[in-house]
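Presented below are the structures under discussion, each in the form of structure tokens.
Each of the two complexes below includes chain A, the first together with chain B, the second together with chain C.
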Partner chain A sequence: MSDTAQSGPVLAADGTPLKKSLARALRLQKTRALLLIAPLLLFVLVSFIVPIGQMLWRSVENDIVSDTLPLTVQALKTWDASAGELPDEAVYAAFARDMIVAVKAKEHTKLGTRLNYEQTGISSMFRQSGRKVGKWDPVADAPFKQKLIDVHDGWGDINTWRVIQTHARKVTPGYFLNAIDMRLTPDGATTQPEDKRILIKLFGRTLFMSLIIMGSCILLGYPIAWLLANLPMRQANILLILVLLPFWTSLLVRTSAWKVLLQSQGVINEILVWLGLITDEGRLVMINNQFGTIVAMTHILLPFMILPMYSVMQTIPQTYLRAAKSLGATNWTAFWRVYFPQTVPGIGAGSILVFILSIGYYITPEIVGGTKGVFISNRIAYHISSSLNWGLAAALGTILLAVVLLLYWCYDKIVGIDNVKLG
Partner chain B sequence: MASTKTDDAFVEFDRVQKSYDGETLVVKDLNLSIGRGEFLTMLGPSGSGKTTCLMMLAGFETATHGDIRLGGTEINNIPPHKRGIGMVFQNYALFPHMTVAENLSFPLEVRKMGKSEREAKVQRALDMVQMGDFGGRRPAQLSGGQQQRIALARALVFEAELVLMDEPLGALDKQLREHMQFEIKHIADNLGITVVYVTHDQTEALTMSDRVAVFEDGRIQQLDPPDTLYEQPKNSFVAQFIGENNTLMGKVEKIDNAANTAEVRLDDGSLIDTIPVNVSEVGERTLVSIRPERVEFNKDRLHADAHTLKAEVLEFIYMGDIYRTRLRVAGNENFIVKTRNAPDQRRLKAGEILDIGWRPQDCRALDA
Partner chain C sequence: MAALTPISRKPLSFVLPILAAAGALVGLFFGTANGSGLIGIVAGAVLVAGLGYAYVEVLKNEKTALWISLAVMVVLGIYLAGIPGIVLGLFFGWFFWWFTHWLFEGRYRARLLPYLTPGQVLWHYSFRVICGLIFFFLVSPLVPVIWLSFNAQDFFTFTPEMLRFDPAGYSLKHYQDFFTNGEWQRSFKNSLIIAPIATVISVSLGTLAAIGLSQSHVPFRRAIMAILISPMIVPLIISATGMFFFYSKIGNFMEGTMGLDKNLVGYFKVVLAHAVLGIPFVIITVTATLVGFDRSLTRAAANMGANPVTTFFKVQMPLILPGVISGGLFAFITSFDEVVVVLFVGSAGQKTLPWQMFTGLREQISPTILAVATILVVISIALLTTVELLRRRSERLRGMSPA
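Right, the complex of A and B next:
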């Protein structure tokens, strides 16, 4: 028996504190458990945590200017851009020396590309100048100020130096500003010119269309889930196979099938024309726009809505409906007041799943979305593979991640994440 | 006490049949009338059709043939929500997303009752089942017995005259079940409601009911008050289903219809006195049934001219309130005798040889 009257920590039989001896007894078990999950933990770390961390870092990282032009950055520190005068010879000399090193290492074009995001034209300046400056000698060819301006008159433009000075910081908010249609200029953050403001619109469209897709999945999935949960075993199994069938077909094939169905010479239009419901000139435009994206993605994401709803509905016994009816409720009241509230956890789980999946969807909008039906993810893909502006892609990705987490948090506050049942 | 007359029947099954697959009948030609204020139990093994009958009455199953009448009105085509019948389900079916008070308020809300009236009725119903302080709880926060009370209160709160109960105590432990049996009975008596109660537990049926309908194979085998049912089973199914029962096989030797007695020659050759229940001819095979507590081995208490049988004690079991002794009688090794644990009662020992007997009216010759 434990001695409750005794003050101080409870002791084990051999006199050591009970907590200590319990910890010792459990240590072996804990170690063994940890070893069992170690491979998975390592895998998750390498394939999940590290890439996400890297992405987060890349969205603010800006080493390239200070790494490529270390002396210039140092020299520019004392230069006051607001005075309206070009930097003095010291800065030009530092720049020339940096460039000679950079050209040898072939780093100057990368820097040019980076600075070109901020001011168009700088990329070609660096490429042109690199060819000549690379042949110079850092001592014999001094002074450099006039020579550089002769090589490219951009070096005589005060703005060039202001851009270099502004982006010399190792950590920059520039990519994030770009991601929300703003930019970092020497005069501080300003909005992008009208014709370049597309990202916020894209974000808005992505959220809006994801909501519509989620909504149509709920509307289409709910009756099917109900059928699944209430049909006799045999029929329910067949229906479940039909629901799962899309999972076993390639995503690309399914998306392309929608192209076949929806295009202006496609199956649906042909049938409508043949039936005389529309004229040959008045064929419906159902693809390469938002409609096409919504239809195809609703179809693709539907199982993710049905399965959680089904698993929740399966646990709701028929007796609840019977009880409600015996208490005097009509079919509709029984459904709405008794059955439906109990399925909310399933709807919630399905909605989170579908919404999060669709907000980052890429392939389907790419194929059927045209220009009006693309998502923010298509823009991210563009910046990763075409414009090579990985910093901006990372910033967009980070914002997307933040939006999802924020929505998840809201959902937790409103509905409660404990109420979500995936199975 | 309940009326058994058809003319003032409150609930009436008239030649009701039910089939699910069109090949076999689950309920075969059911005729049953239940009086106003009666507590009727449908008792039977699973698959005997008793729950189907209850569901037809509630409106969740439709009768394949025949009429069901409630207070004189045919209700075959009235949907369940318009029948106004209260129902307590096996697993209570309390709505998990509503509080206790909301559960009770639900039937009143769908009847468009005003808020203050609703609250008063809910509170009265909760007080009735001694759960007055639990209105704000969720069903999941209540114990099984408490949920049972709430389910009962919910079935009663809208003042239904007829309440159906589908094995409502099945999920409770023994002690609580016994307690709830009396409580349900008292509440039903106080409110004067008619109760149709389905169970497969014969003790429950005997303790609670005014009348019990024993179901088997889609038919009512016997419909009688509990004491009649127990003491005068009409056939061997009822005799064996209700309570414990000793059976001996034999042939009818002599029938005296005037005195309502029959002598039966058991398979081992011995002769016993019985009353014929559903045997009519000499030479007919019969199953003789005697209740364990009606068997007598004290010579002083036996009739002088009663036929007795030789019995060997095989096992003596002390059960507290009673002694249970297993005997070998006429080749039957599971012949049970129950005796009350009284100060003067003799404890038999294994190996003893006794003469046993009984009053002829306790020994019933039934169908084999």
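Right, the complex of A and C next:
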């Protein structure tokens, strides 16, 4: 106990000033909290945030040209492409030396594939030339200019060199340009030829279909949420199980269920044929198109819409509606002017959640979407596993991520990250 | 529930037209199925309205009416649709019997507020019907999957034998295939290896972090929370893309430089990736449980000489255990159900059950998928029940501790 008559700072039990002691306690508490969080934070940073960061970097990274052809890139710096003449012997010599090294390390085909994204045909040029150039000697076989042009006349084409020169820089906006149906040419960014413009359309389709899915989720989810919120607790809990059951059921189970239902020999078509509403030849095409994707994804994402709406509607007293009606409002006015505005936060939260989830969906469109009903995510997967154009995949992913983060930010503004609830 | 509103019998001029309309609607479907919609409409309307009139005016006995109704409809069902018609007949027989008396006795008003206008009553029931249809949309797609998994044929479609409820049309062979086929068993085993380990990692780290986050003074709380929740927000395809690049490098390093077994490295990568995906669920459920945790309990424990570790295991842990377990179940189901990331990060040795199903759905369509799907539905019902019970228990526990 410190003496009350004593002037100066209040002291704690151990004689240090109370302020200091409290500050120390607070610091200790903060450190303890951070120490508890630290392992997980590190884990998530290393195994999640870093990979995402690397992906972002990969969407602009372009080391391969300058790493595989260092001398050529150096030599090409002084070459003026606009003059309309082939580069001089120095460039060809540098290229031959680079190629000899690259062929030994088996890097030249990779470079060929990379440059092939920019100009079709380069890949085979590199492969064919690689076989011969690999046997050359960098000193004895000089000069190289004519020899290279003899190996493949592509080396006598100014365009080839311009492409190499254009893509020599280490950081390129090329993938992002590709992602929005443009490309980086020696003359600057231009639009892709008509037949290659698919990505903008695909982005548009992804957004459009996500909006439709979101809209149908609102339409189907609102009545359910209302019913759950207005029923007595016991009945509401039982019905809530019907909402949670599909929520807990494996995604693939639900997707396969829709495949069973929608296919041309599927349950819905069989019933319609049995009822005589359609003929056996005129079976409806409901799968492998946009309809299939929209129906299946609405079903899959509906619980994500219902749950936030339900938790908002639960807080709205039922008496408000009765009060409005007793004051003379019609049924519609009471609903539209009194009840509905209070449910808007729930609709907003659910919509953003459903929208975020649906624009990144991959599995369901892949299985029931065919070619017409796929999303941008399917294109990303295609570039990762089939065409191996990883830079473009990363650029597409980055754009998608930016959209999602923007929406997430809105979600945070409306609902708050901490208020996410499950089940 | 006691009747709120006094009910009274309704005039036949109100009941019969509605019955006729309902009968016509059902008759339309059976009519088109058997050749002529128009005959169906007329026959349905006449039949249902006639039966209704007979029940309430001639018979005046609800019990007898039920038996008559069932008998008539079943006979009709058999005549129109064969054996499966029995099910439909029983249903419609019961339904029209119930519907007739419900309307005639005015029971539909019993549970509603007395002052509702007829329009509001009509809306009330139409709204229920709409909601019923939406619930049907939510739950019914699972029914054909379960049903078809007992198909004796190797098809995704109903055979005539199945519809006739002929035992020859049913078999357990797809289940047998699942339990004996090496590929399915391997993927099932992989799932059972990967999901629990990933769950343990995310639960242990996640619980610690959640306890840290629920302290009163945490610097950068929002930023940390945002980072920890991010695996749930970032679309899976993007996480998968990022992890694909990252883990292939890590994998090469571990195989090449450290000389580890390829299979082991594969499991390591997939487990880590799945653990990250499960973390947000653990964080969210555990922090939600900790919100209601009474902090004076830990202080009381400390006061009585318990050190922090003892306090945690003896006092705090038992109380938040329901939250931890349900977070763990969420993490488990996330990993158990996950396809995209494992597709990108794993190699053939780590093929999990969802992956196998995914390839099955895309390439060789085999009804074994439906058997697996049924098993998964059963598992998810079990998990859902567990989570629900835990939630109730958690609320009870919280109710016991002084708030």
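Operating definition for what follows: the second predicted complex is superposed on the first by the 378 of 423 C-alpha atoms of A that agree within 3 Å, B and C clash if a C-alpha of one lies under 4 Å from a C-alpha of the other, contacts with A are read in each partner's own complex, and residues count from 1 in each chain.
The definition used in the following text is that a contact is a pair of C-beta atoms (placed from the backbone, for glycine too) under 8 Å apart; a residue touches a chain by one contact, two chains touch by 3 or more.
As the structure is a prediction and not an experimental result, all values here were calculated from the model.
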item	value
Touching partner for A:324 - first (chain B), second (chain C), both, neither	first
Contacts of A:90 with chain B and chain C, given as first, second, both or neither	neither
Partner contacting more residues of chain A (chain B vs chain C)	C
Contacts of A:359 with chain B and chain C, given as first, second, both or neither	second
Touching partner for A:338 - first (chain B), second (chain C), both, neither	first
Contacts of A:217 with chain B and chain C, given as first, second, both or neither	neither
Which of chain B and chain C A:239 touches, first, second, both or neither	second
Which of chain B and chain C A:381 touches, first, second, both or neither	second
Contacts of A:133 with chain B and chain C, given as first, second, both or neither	neither
Overlap of chain C and chain B interfaces on chain A (superposed complexes)	331
Touching residues (chain side chain C, partner chain A) in the complex	29, 32-35, 37, 120, 123, 127-128, 130-131, 134-135, 137-139, 141-142, 144-145, 148, 155-158, 205-206, 208-209, 211-213, 215-219, 222, 224-247, 272-273, 275-276, 279, 281, 284-285, 287-288, 326, 330, 333, 336-337, 339-340, 344, 354, 357-358, 361-362, 369-370, 373, 376-377, 380-381, 383-384, 387-388, 391
In the complex, chain A residues that touch chain C	26, 29-30, 32-37, 39-41, 43-45, 47-55, 58, 220, 223-224, 227, 239, 241-246, 248-261, 263, 265-267, 270, 274-277, 299, 302-303, 331, 356-357, 359-363, 366-367, 377, 380-381, 384-385, 390, 393-394, 397, 400-401, 404, 408, 412, 417-418, 420-423
Contacting residues of chain B [partner chain A, same complex]	58-60, 79-87, 89-91, 93, 95-97, 106-107, 110-111, 154-155, 158, 164
Sites on chain A touched by chain B in the complex	317, 319-320, 322-331, 333-334, 337-338, 341-342
